[in-house]
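Given below, in the form of structure tokens, are the structures.
Below, subunit A partners subunit B and then partners subunit C, in two separate complexes.
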Partner chain A sequence: MEQESPIDTEEENLENSIQFLSFTLGSEEYGVAILSVQEIRSWEPVSKIPNVPSYEKGVVNLRGAIVPIIDLRERFNLEHSKYTNLTVVVVLQAELRGKNRTMGVVVDSVSDVMHVDKNNIQSAPDFGTKVSTDFINGLASVNDRMVMLLDVSKLLELEGLNDTDSNDESND
Partner chain B sequence: MKINMPVTDKEVHMKDGTILVTRTNLKGVITYANDAFVEISGFSYSELVGSNHNIVRHPDMPAVAFQDLWESNQRGEPWTAPVKNRTKSGDYYWVEANVTPVYSNGVIVEYLSVRYSPSREQINSASQLYKELNDSKATTIRPVGFSKLVKQIKETSINKKALLTAALFLTPSICLIKQSYETQDMLHLGIIAFISLLAIGLGYSILSSLLNTLSDTQGIFRKLSDESFRNEIELNRNDQIGDFKRDLYSMQVKLNADLAFSNQVASESLRIKQALDNVNSCVMVSNNNLEIIYMNHTVQAMFENAEKDIQTDIPKFNSKKLLGANIDQFHKNPAYQRGLLATLNSAHNAELKLGSRTINFVANPVMNDDGDRIGIVVEWMDRTSEVRIEKEINELVTSINNGDLSNRIELADKEGFFENLSIGINELTDGIDATFSDINHSMQSLANGNLNNKITSEYKGVYNDCKENINATVDKLSEIVGQITESADFINNTSKEIASGNNNLSERVETQASSLEETASSMEELTSTVKNNAENAQQANSVSTKARELAENGGEIVTSAVNAMAEINDSSNKISAIIGVIDEIAFQTNLLALNASVEAARAGEQGRGFSVVATEVRNLAQRSAAAAQESKTLIQTSIQKVRAGTEFVNETGSALNEIVTGVKQVGDIISEIAAASLEQSQGIEQVNQAVAQMDEITQQNAALAEQASAASVSMSDQSQTMIGLLDFFDINASNNITAPVINQQAAPSPSSHSPSKVIRKKETTKPVENNRIVSSSEDDEWGEF
Partner chain C sequence: MSIDMAQFHQVFFEESFEGLAVMETGLLNLNMGDVDSEEINTIFRAAHSIKGGSGTFGFNSVADFTHVMETLLDEMRDGRRQVTQVVVDILLGSVDCLTEMLTAIQNKSEVDEESVKEHQKSLEDELNGTTPSEEIKVESNNDSSSQDDDINEVTVAQGWKISFCPHENLLQTGNDPVRMFKELEELGELEVFVDLHGSPSLSELNPENCYLSWTLILKGEINLNDINDIFDWVEDDCDLSIQALVHENLEELSLDDPLEIKAEIAPPANKKNADVVKTPPNANKATATKETKKSTASSSIRVDTGKIDTLINMVGELVITQSMLSLVGEHFSIDNLDQLKTGLIQLERHTRELQESVMNIRMMPISFVFSRFPRLAHDLSSKLDKKIDLILIGEHTEVDKTVVELISDPLVHLVRNSLDHGIEMPADRIAAGKPETGTVTLEAYHRGGNIVIEVKDDGKGLNKNTLREKAIEKGLIEESTILTDKQTYELIFMAGFSTAAEVTDVSGRGVGMDVVRRNIQSLGGTIEITSALGVGSTMAIHLPLTLAILDGQSIAVGDSTFIVPLGSIIESVKVTEDMVNRVAGKGETFRLRDEYLPIVRMNEIFHVESAKYVNLMDGLLVVVEGQGVRCGLFVDDLLGQQQVVIKSLEANYRRVEGVSSATILGDGSVALILDIPGLVRLSNQ
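After this line comes the complex of A and B, so read on.
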């Protein structure tokens, strides 16, 4: 019954809602826009790249494309957790300065695909999270859970992987 | 003829050297008998004198013998022959009797018999002869017939014999003369005739001178017999006749001298007799036959004086007829006296009691020069008054000896020495009486328990010693009684304590006995319990053995269970792995569904259906993941539980192992318990024996305690009795006792305590009786026990 009503509302609110893919880091739940998600993969060993920040785990060959993998936990200065076969890598893509960037982030687990009303999205506060507010588009409350909505382009930008951008472009 | 009977075969022998002399008058009555005759005849002098001589005749003597005797004597001839005489007792004795008439002035005045001891040959021939005479009833002992002729020839007078001899001598001469005359030998004839005549003449001359001499001598002898000693005797003849006459003369002189000597002796004896007659002592002389032959005046007077007293004992006594009587009459038992006096050789002192008279006599033998006893001299002494005093004194002494001090000697009839003696004895008795009275008084009060009465009179010497000692005895007794009283009191208390203690002991022993009884029964129960224990231990041992087997089986089962658990664990792990795979597949599916959702979202409106499918897939994937997760959780739980179960089972196994070892130990312990129970059983048996012994000993103890109790009770009684007895003594009032004694007396103070003690005694006796009753019943119970 409960499912029918959100579907109805979903049907009604499709125009005003945005789909997010939620994932968890520790106890926090984050969400990224589903259209920025290229693919969800399980963790696979990566090829390590020397002389990179520690949160940059390496690279993987994703159907011919070299995709850098960063550990979002470490990136968000969270505690590092061990990688298991349930560890998920979300491959994000965004268009930055005209370039299409692809990057895999290691998260604890992928939760759901959720529809968030744009009206329910609140702007990010200036403080209070460990993540720089630069990454956060806003906060959404879904089913009484607070989900931080991450701005993928800023997330990718903040990656500071300009070199890789060029590489990507060259690869393209 | 007088026949004196009876006779015995016992012969009495005359003593050699003695002669028996009797004188008889012409009628044969004895006028005198000498001592020897009296002695051997057995008759008394008085019996003999005045009796006919035939009193001593023996029946064996033939009458003709005495007839011959008489005939001879009447002819004036002496007679001699062995004669068998009879004693008074019937015995016989042989004598050679010589009987001769005694002439006085040429007339026979009496006969004198002298008897000698005959030889055995004489006796034999005489007895033979008398036997023949008795048998032949002969009328004479003289030879008859031829014998008489021979005897007559033999006794022919000398003249006739001379004539016959001359005729006989002349016959050959005449023959020779005739022959010579025939032969005419005148010479021969003449010679022969001359010789014959000469011989006749000579013979006649000899014969006539001999006969003259005989005749003269006969005359002289007759005169000598008549005590005429002044006969003329021719002394100048030189022949044998002269010798004969000279000897005759010598004999006459000698006899005269002897007679003179005898007369002198007789006069001396007479003088002594006269002297004896007049002495104050009572003298009496008897011969060997105890016939009184002399009494002096004093003794005569004494007997006359005492006649009446003597007659009370000897009625026949006659003081006038004592002389010549036998001394036996003074004795009630003459035979004894006779035997005593017959052998009297030394002084014999005796006392006669004749009536109220006490007559003392001293008999002394009178010996002749040869040492033979010829009589007895008796001195009499009338000791009546002396004896009376003696008797009085004796009675007094006897009564004193018998403790009767009340008697005294009567002084009224005493004088002189006896009076003094009596006064002295009376004073002595008074002294003893007073002393003993005091002693008696003191001792009596002592006997009555009064220790206060002491002798206070003054005494000397031994009496004083006695007094001192008695007083000391009383003092000492007081002291001792005081001490004894104290001791008795102490003993009494102690014995009571002992008695109560013994009662307690007895009760305790009784309790002990019952306890022992209980112990014995407990031991009995214990014994059965221990036996049960042993059996139970045996059963427990078998049970534990089974338990061990079971536990071992359980161990095996546990092992298999562990294995099963391990298998379950493996299976669970496999399931877990499979679930992991499923989970991974679900994860991958979820990822795929997400990717699909992402693709659907990209597809926009076209992808909406796909998005729904992707969502459904994702839901399925999530459900399968959740199911896988649950399964995984379940499996893991199962694995954990299996693991825990394995651990439990392992623990169970080890526990079972421990149980096995434990059961084994239990079995061992139970075996030990069984052995121990056996030992216990034996030990209990010993304990039982010990208990039985203890019971026995306890019974003995009980008996001993009972005895001790009874003994202590009786000791208590005795001590009570002793105290009661001691109460008898009265020592309180004694002031003369020394100070410590008083102190010692003060403590017990028996007299003041005595009533309470008596009461106590009564009180104590009852419980004792009760105790005895109880103890006797206890004895019965123990007897049954």
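After this line comes the complex of A and C, so read on.
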């Protein structure tokens, strides 16, 4: 599908490339724009929130702020796996309607920081599966592996996080 | 060298709104006939500060407008004009108009020119009606930043003679005469004569003081306003007189001995100084601690320096304790254990005190809200032809800043309602054997951890039957619904309910009371009505003292910890078999002193699987009350009371039914704070 190696792309078109943090969920590899990553933490017990979807694991205290933790595997309807000491929480932030939102997502492991040439990002095809492609910004190939690039603000938005002021919930 | 003036705008607006509030209070306090000249002075000073400030910042429309007001006030001050209700009403109207202008400028929106013109005209009409126009001319002429129409004829002349005698502290205020002269030079041909008479001998000379005075001759067709602009910054710090030069004596003057000129023009300059009372904006005692209570929540806060000092002292003590503890820690042996314990106790005390005083900074007296009501009562009583006394009690009660900002609109609504619907017409009052003048009392006080604000009137009270009929008519309740007195009164908080026979522009549109209640609830408060037909009604608002910290009771349900606001807990009981009943086989109730209360099982509505107890007899029932609804929360155990810092759950997450917010416990974990009314709603679903 692609002829030139990613290393070349990186060196030749630095200004044209975007940095992504890649992580894995099972055998799949995902990427989020590095600028939206606030920090990476290890999994720690959360305080559960009653009466919410099961992928919303609960909230934690992140230096005085209450931050929700979302299990991405469950969010994407993947098989649930046990949390271990190696389970990682990627803390993401994005601006949503003028407000800065922070959220932690549980992933299996963080793999790499990669440069992706803007021109090498393909739009996400309609999988026609139960996997929601709403969050996926595009696909990129890195070292012959396919990485799904996630749209962080959509990820945050679709959690129904925007209904603080009004009652009109945008349920996903 | 240009300074970004925009950074001072916010301060200017704050001060101006304060000034307007002072003017309004002053005007309302004026007694016809027996006028307190100090009161007029206060109003005058406020107007003058606004004029000066707006001129400086280039809001000329405001400066012009204020100038006319000031002229009128000046005549009142000098006793040249009678203080009448008409004048006061015109001035009050102008204060409103100014407020609108300033708000418009602040929000960078359009100023309503029509209304400004109208007010300015009524002011000018009032001025011209009784005062010879000559006098106004003198007034305006004297005033350095004036741009009044009356003086248009003298704003451009062949030349100007400016006598400029700075006060000694001119240089300390950062003004440099030389720079001003340079600016003047740009306007036209300038000759500068200096007067050295005031300068002391070298040994006595303080290099930071200005001992010189100048006489400036500026030739050319120059607008007076341009000259005024240059002196705008220093008009508080100097004696200034500007005189137009007549063409024929131009030559002659410049040839004269400057010292003589000085002597010649000194008297008018001094007179002017005596005439105009200048107040530096900050020196005005009445405005020093006031802050405007605009509905747009301002993000800055003015704090009493005393509070800051306390805070600094406490931080000092904290530092001492900290260094003592680290000393103990450095060479720790078990013998020092007592010392360590003392240190920790001190640390705890200081932390608590520090916390209290930080909270205290956010507290401001409720008078910021109350102060607008005398005006409201004054306006409304004349509009409605009623006689009303407004009594304010407990204005110094301190409440959280957020509360002050958000409570004012609901309170305005309640007071309007009392004035409009509560108090009867004078004739009706006499017929009912009551004094002709109705009384509305606004009272604020602390009770427990709450602040209570009461709006009380001695009017006709709420008619339960009318309320009921109205609600049935509007389809808000069924004909067969049985309501307690309390529930009947609550009807007025339902949307689309209005009892006024006719809609006035004051109230009666049926929007409002539901909004009032919603606003109060959003502050975590409640509102209650008590009323007696023919005697009067009382609306009592209960609000939490502060919105940032809460006294809470931790409860355990399985492995989860929740916080129940202490204020909503009535008691905790262990139930026995015979206390529990089932209603229709589903809902559980228990009897508590002849009252049947629903049981809310925390483990069920919050789906806590790890709950220790399922049997009601094993766990505890915490009896809670929220918005008049009582219920028993079934929990595993009570853990302890503690103050918790309220953290928003919505900042990064969203609203959760049955939970009001979250907090962080001592071990760093997050606990949810329960919302009792929400829980009851949840359990009813």
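As a working rule, the second predicted complex is superposed on the first by the 147 of 172 C-alpha atoms of A that agree within 3 Å, B and C clash if a C-alpha of one lies under 4 Å from a C-alpha of the other, contacts with A are read in each partner's own complex, and residues count from 1 in each chain.
In this text, contacts are C-beta pairs under 8 Å (C-beta built on N, C-alpha and C of every residue); 3 or more make two chains touch, one makes a residue touch a chain.
Here the structure is a predicted model, which means the values were calculated and not measured.
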item: Partner chain(s) touched by A:29 [first = subunit B, second = subunit C, both, neither]; value: neither
item: Touched partner set for A:151, first subunit B, second subunit C, both or neither; value: neither
item: Partner with the higher number of touched subunit A residues, subunit C or subunit B; value: C
item: First, second, both or neither for A:67, with subunit B first and subunit C second; value: second
item: Contacts of A:51 with subunit B and subunit C, given as first, second, both or neither; value: second
item: Contacts of A:102 with subunit B and subunit C, given as first, second, both or neither; value: second
item: Residue numbers on subunit A that touch subunit B, as the complex places them; value: 19, 21, 34-35, 37-42, 85-86, 88, 110, 113
item: Partner subunit A, residues of subunit B touching it in the complex; value: 584, 587-588, 590-591, 594-595, 597-598, 601-602, 615, 618
item: Complex contacts: residues of subunit A adjacent to subunit C; value: 45-52, 58-61, 64-68, 99, 101-103, 159-164
item: Complex contacts: residues of subunit C adjacent to subunit A; value: 560, 605-608, 647-659, 662, 664, 668-672, 682
